[in-house]
Amino acid sequence: MGKKFKKLIKNFSLSELRAGLGITAKELVNKKITVQFPEERTPISPRFRGLHALRRYPNGEERCIACKLCEAVCPANAITIESEMREDGTRRTTQYDIDLFKCIFCGFCEESCPVDAIVETQIFDYAFIDSREGSIINKARLLEVGDKNEDMINKTKLEDAKYK
Amino acid sequence: MMMALWQAFVVSTHNLLPWFDGVIATVLIILIKAFALIMPLMLVVAYFTYAERKMIGYMQLRIGPNRVGPRGWLQPIADALKLMTKEIIFPSKANIYLFLLAPVLAIAPAIAVWAVIPFAEGIFVVDLDVSLLYVLAIGSIGVYGIILAGWASNSKYPLLGALRSASLLVSYEIVIGFALVTVVMIAGSVNLNTIVEAQRGGILHWYWLPLLPMMIIFFISALVETNRAPFDVVEGESEIVGGTHVEYSGMTFAIFFLAEYANMILMAVLAVLLFFGGWHSPFMGIPYLEFMFSWVPGIVWLLAKSSFFMFLYLWVRATFPRFRYDQIMRLSWKVFLPITIIWIFVVALMTQLKLGVWFG
Amino acid sequence: MLANYLPIMVFIFLGIAFGIGPMLIGHLLGPSKPDEEKNSQFECGFPAFDDSRMHFNVRYYLVAILFILFDLEVAFFFPWAVVQSDLGWFGFVGMSIFLFLLVVGFIFEWKNGALEWE
Amino acid sequence: MAEIHNYTLNFGPQHPAAHGVLRLILEIDGEVIKRADPHIGLLHRGTEKLAESKPYNHSIGYMDRLDYVSMMCNEHAFVMAIEKMLEIEVPQRAQYIRVMFDEITRILNHLMWLGTHGLDVGAMSIFLYAFREREKLIDCYEAVSGSRMHATYYRPGGVYRDLPDKMPQYLESDFRTNKELAQMNKNRQGSLLDFIADFTEEFPKSIQQYDDLLTDNRIWKQRLVNIGIVTAKRAKQLGFTGPMLRGSGVAWDLRKKQPYSVYNQLDFDIPVGVTGDSYDRYLVRMEEMRQSNRIIKQCVAWLKDNPGEVMSDDHKVAPPSRVAMKDDMESLIHHFKLFTEGYCLPKGEVYCAIEHPKGEFGIYLISDGANKPYRVKIRAPGFAHLAAMDEMTKGHMLSDVVTIIGTQDIVFGEIDR
Amino acid sequence: MADLKTQLMAEFGKQNLLDAFGELSLNVDSADIVKTCLKLRDSFFFDTLIDLCGVDYLAYGQSDWDADASSSGFSRGREIQSDENTHEQRFAVVYQLLSVSKNQRLRVKAYVDEAQPIIQSVTNVWKSANWYEREAFDLFGILFENHTDLRRILTDYGFKGHPLRKDFPLIGEVEMRYDEDLARVVYEPVSIEPNISVPRVIRK
């Protein structure tokens, strides 16, 4: 009887509902977790795998030697490479396309590259709204990304180098 | 201040009277009064949606709309403009006339009800003797708009919504009726003005105290009637996608939205009028505080109290899961109805014994 | 007395206007490019199986009938409620009897499972 | 009287509670379900077929995309299957890292389930509260693997890289004062392990909050108790695993019963339900989060004390370090060999299962001796659970279908593969 | 497990039981699959059917990639290959069994012929076989007799072929696009080229 009565009282006192309301009321005044994206960003790890870039040596020579490891290792077949012997006898790519629709950003290309030419940067807010072709990013654009962000790439890759 | 302005307004309109004759003049005055009431109402609706998004956002650790205008203040306007320029889609299988009648049927009562609501001493459009009954009668017409919308859409999810709406109708209507009976019993009138005046006095003189269970039941039933969470089974977006709103787009949808929010505000105001002493200051009768707050006009008290109820709507929505619709029916038939019947008896006994300050 | 209802008439008309007006505005301002897919009824992205207006079982039928009964009873309560304090114990006892009958009926329905509509 | 028919209703894929792309054909009478026929495959990407055409390592990234809310657990099953066939030794530290991230993944998954389940039943706020914690864990994912979801972190022979010593921090912006910024970066001062340790301290409070918000709530109880009851016997017949089986009262957990990795060195309990209804499964999963938190704590303590290698030094399987690759010819050859043709598995077949947050996630691998799998069969727990949809929903109402979808914790990436 | 092994050997014969990588595998004749399964369920307490899948042994042990690697890449050496298939029958249905009560696992394998890929359904033994058999039917075209609801499950409505068969090309046979003129989705033969960048190396 006593137990039943207690349960009845508990039922009508709406205690657990009031506890729930208490939680939302508390959160009403708590600090908000929103990060206002374009102006403010969440922390990005130096290991972050974002948009690809092709790097150059400090003297301006492109690093990529067209060994095609990245092409072979790409699980999504997103990379297409054509190469040619240059006049000075070195082998360089004539075509280096990454289809970003296919790319799954696994980071294998960067992992496999023996000369640190292809890297994945911290850039993630790129979008291709013009056409399907816009998502196939070619050698010139990759180099451009690399040139523009060399400082960032250098810094993050150095930071992470000891773990590799 | 507001009071003075209103009186000046009334006096000036009365002075203009001789220039018009008879009915036209009266109708014009009513129209002016009506717009003076409806326009602010629409504004309140608009900013209520903003407040809802902000408040629920805050409760969910977000900051809500903040990009349109400073701190997002222009968001409701942007929303309205967006809805205006959206295409109105007429589903090919729908019954077009009924389809378009439904939103009208939803909004017309939501606006017509406001005719009898008093806002402060002497501030009302019309002082009807049976205003409470009028509110009850007109207020329940709005549901037919929703049921009709579900039927006219000729689509399954809206129809399910309409069925659920009908099931809610048969569950909360009686409970609300019984809850109001207790108020009428104490006040001895069905005129809202008189009911509020009967509660004259401080916070302890209001009816929420003797009618506490009734007030809670009234508030919950108000949630059901306005299809608000946790009773939003008619929309139930995770179950029936949007219920009766599924086939409506653009302004046709906006009208349902408007009606729903106008009804929510109405229920909040009604709760204040019936249980929270309307425009009376809560400090009436308390020696020092009464004097300190005597400058606050009645309408401000009313609005402040209503805001509390409106906030409750949002608070509850942010907190609770949704009922299943048969559970709502069970709740009202098996829990609320017995309680109200018992409480009618208790109140009758209390009035006969003249207990407390509320009776007599 | 009747003059009291004039504002209410006006309000009802205003309400209707508030329903029709925005729809007209929306129709004028918004585009109108109907196509077959857009105008078809929503059923989660697939063509609807069959007509939505077929007969099926509304399970709370009995509750709906009870609702009508109780709603009428509520209507009886209002006039009594207004004057009950003046009626004194006579009114109290009278209504108690009515209430008692109501409760007995309600319990009967409950026990008979009229509310177990599932 | 006109004849009364059952309704046939499309439920999904364009439906808020379809959890992706579930298409349910419901036969309903009023709102009571007579028959539920799930149509799946709308997210079928042919992962198994794709895996047959790639060297083993290439498929790791695709495993992430199966159950895309518990990524690393999928990887774990796959790499374990490969390791089992290669019979290679995985360093202890890598094992602990794997277990720690498995449990982080379990919490991630259960938080996602809790949020969406709450949302299905109509409780909005829980979703955001769950995501508040998820955000921290996803930051751990990013810090360790470089990707917030599809980690590709586990490799045959260990894990790709050791845990970082530094956590990335919030940068200055116009929206934050320095004080606020310091507050936000407070738990990011130390290493990743410190960050996780901090999380494990805070997380029980969050679970308590979810508990207070939902567990005793009468509406929540009304919606979950006695909905979708599956008895223990039935659950086994239906091939249930994981929380779905434990909710029915069977204390079956691969981490305890067939321990893999280092689970046998860790201390944790298995919660079980009683009646096998949605509410029991809810309680089981809530308790599992607490237990996972306990495991993570133990892993953090071990990892702090035991630095070391995280990758096997068998360069037939694991690539040599980059420094070695650049200095040493042999390493370079290994590097090239590994990244072009991969490695070959011996002939044979294995079935390797792990206790995935949703149940038993298994990889059945057939190798004909090549560097590509001959056949990969992915045993997804959700597949068996969803198959029971008809049985679980029969006689319930439309609203309960949503509850049951929620309680089954369905993710289409794994079901459709 | 040793216990189970001896018991199974006694019951089903030594030659049918395989023990590799610490897992038991039982080969059974596809004709008495239901009988065997019932016995396994009732006498050996395998109460759960964890998984059921089809396997196509058409290309077992064969290497692919007859084509060139790429027009100008370095050559990738291929090593000795064993181009013989040791499987007489093309398809196999593999059952992964689990005994929750005894904590044991067993793999059951039944081969079916290419000409007549039919096997009895085990839905009456384990309910969970229902969808798994549908999947095997969908992906391999193996027919399950007495299955009450043998429809396709993973592939599209109106799909042709059985995609996990080894003779089904990886790139598929049709591709789908939206046709502006017809205002609907149309199917066309695939336009992309098959692309394999890594050879299949089979070492003895």
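We call the chains A, B, C, D and E, going by the order they appear; numbering starts again at 1 in every chain.
Here is the rule we go by: a residue touches a chain if its C-beta (ideal position, glycine included) is under 8 Å from a C-beta of that chain, and two chains touch if they have at least 3 such contacts.
Note that the structure is predicted; figures quoted are calculated from it, not measured.
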Ask   = Along the shortest chain of touching chains, how many steps lie between chain D and chain E?
value = 1
Shared interface partners, meaning chains that touch chain C and chain D = B
Inquiry  = Quick check for the class: compute each chain's Cα centroid; which one is farthest from the centroid of chain C?
reply    = E
Key: Two chains joined by the most C-beta pairs in contact, as defined above   = B-C
Task = By CA centroids, point me to the most central chain in this structure.
result = D
Request  = Compute the distance, rounded to whole Å, between the mean C-alpha positions of chain A and chain B.
outcome  = 50
Averaged-CA centre spacing for the pair chain D and chain A, given as whole angstrom = 21
Task = Compute the distance, rounded to whole Å, between the mean C-alpha positions of chain C and chain E.
result = 59
Key: Multi-chain contact sites of chain D, meaning residues that touch two or more partners   = 7, 9, 15, 30-31, 54, 58, 125, 129, 132, 213-214, 217, 340
Note = For chain E, residue numbers touching 2 or more other chains are 198
Remark   = Residues in chain A with touches to at least two other chains are numbered 17, 20, 23-24, 27, 33, 36, 67, 72
Query = Can you name every pair of chains that touch?
reply = A-B, A-D, A-E, B-C, B-D, C-D, D-E
Inquiry  = Which residues of chain A touch chain E once you look at their complex with the stated criterion?
reply    = 67-68, 71-72, 74, 77, 82-84
Message = Applying the document's contact rule, which stretches of chain B touch chain D when the two form their complex?
response = 56, 59-62, 156, 160, 163, 229-230, 232-233, 236-241, 317-327
Ask   = How about chain B: which of its residues touch chain C in the complex?
value = 23, 26-27, 30-31, 33-34, 38, 83-94, 100, 103-112, 114-116, 125-129, 133-134, 153-157, 159, 163, 166-167, 169-171, 173-174, 177-178, 181-182, 184-185, 188-190, 241, 246-247, 250-252, 254-255, 258, 326, 329-330, 333-334, 337-338, 341, 344-345, 348-349, 351-352, 359-360
Key: Parts of chain A lying in touch with chain D, wherever the complex brings them together   = 11, 16-17, 19-20, 22-24, 27, 33, 36, 39-49, 67, 69, 72-73, 75, 104-108, 111-112, 114, 120, 159-161, 163-164
Request  = Quick one: which bits of chain C touch chain D in the complex? Just the residue numbers, please.
outcome  = 42-46, 48-50, 54-59, 118
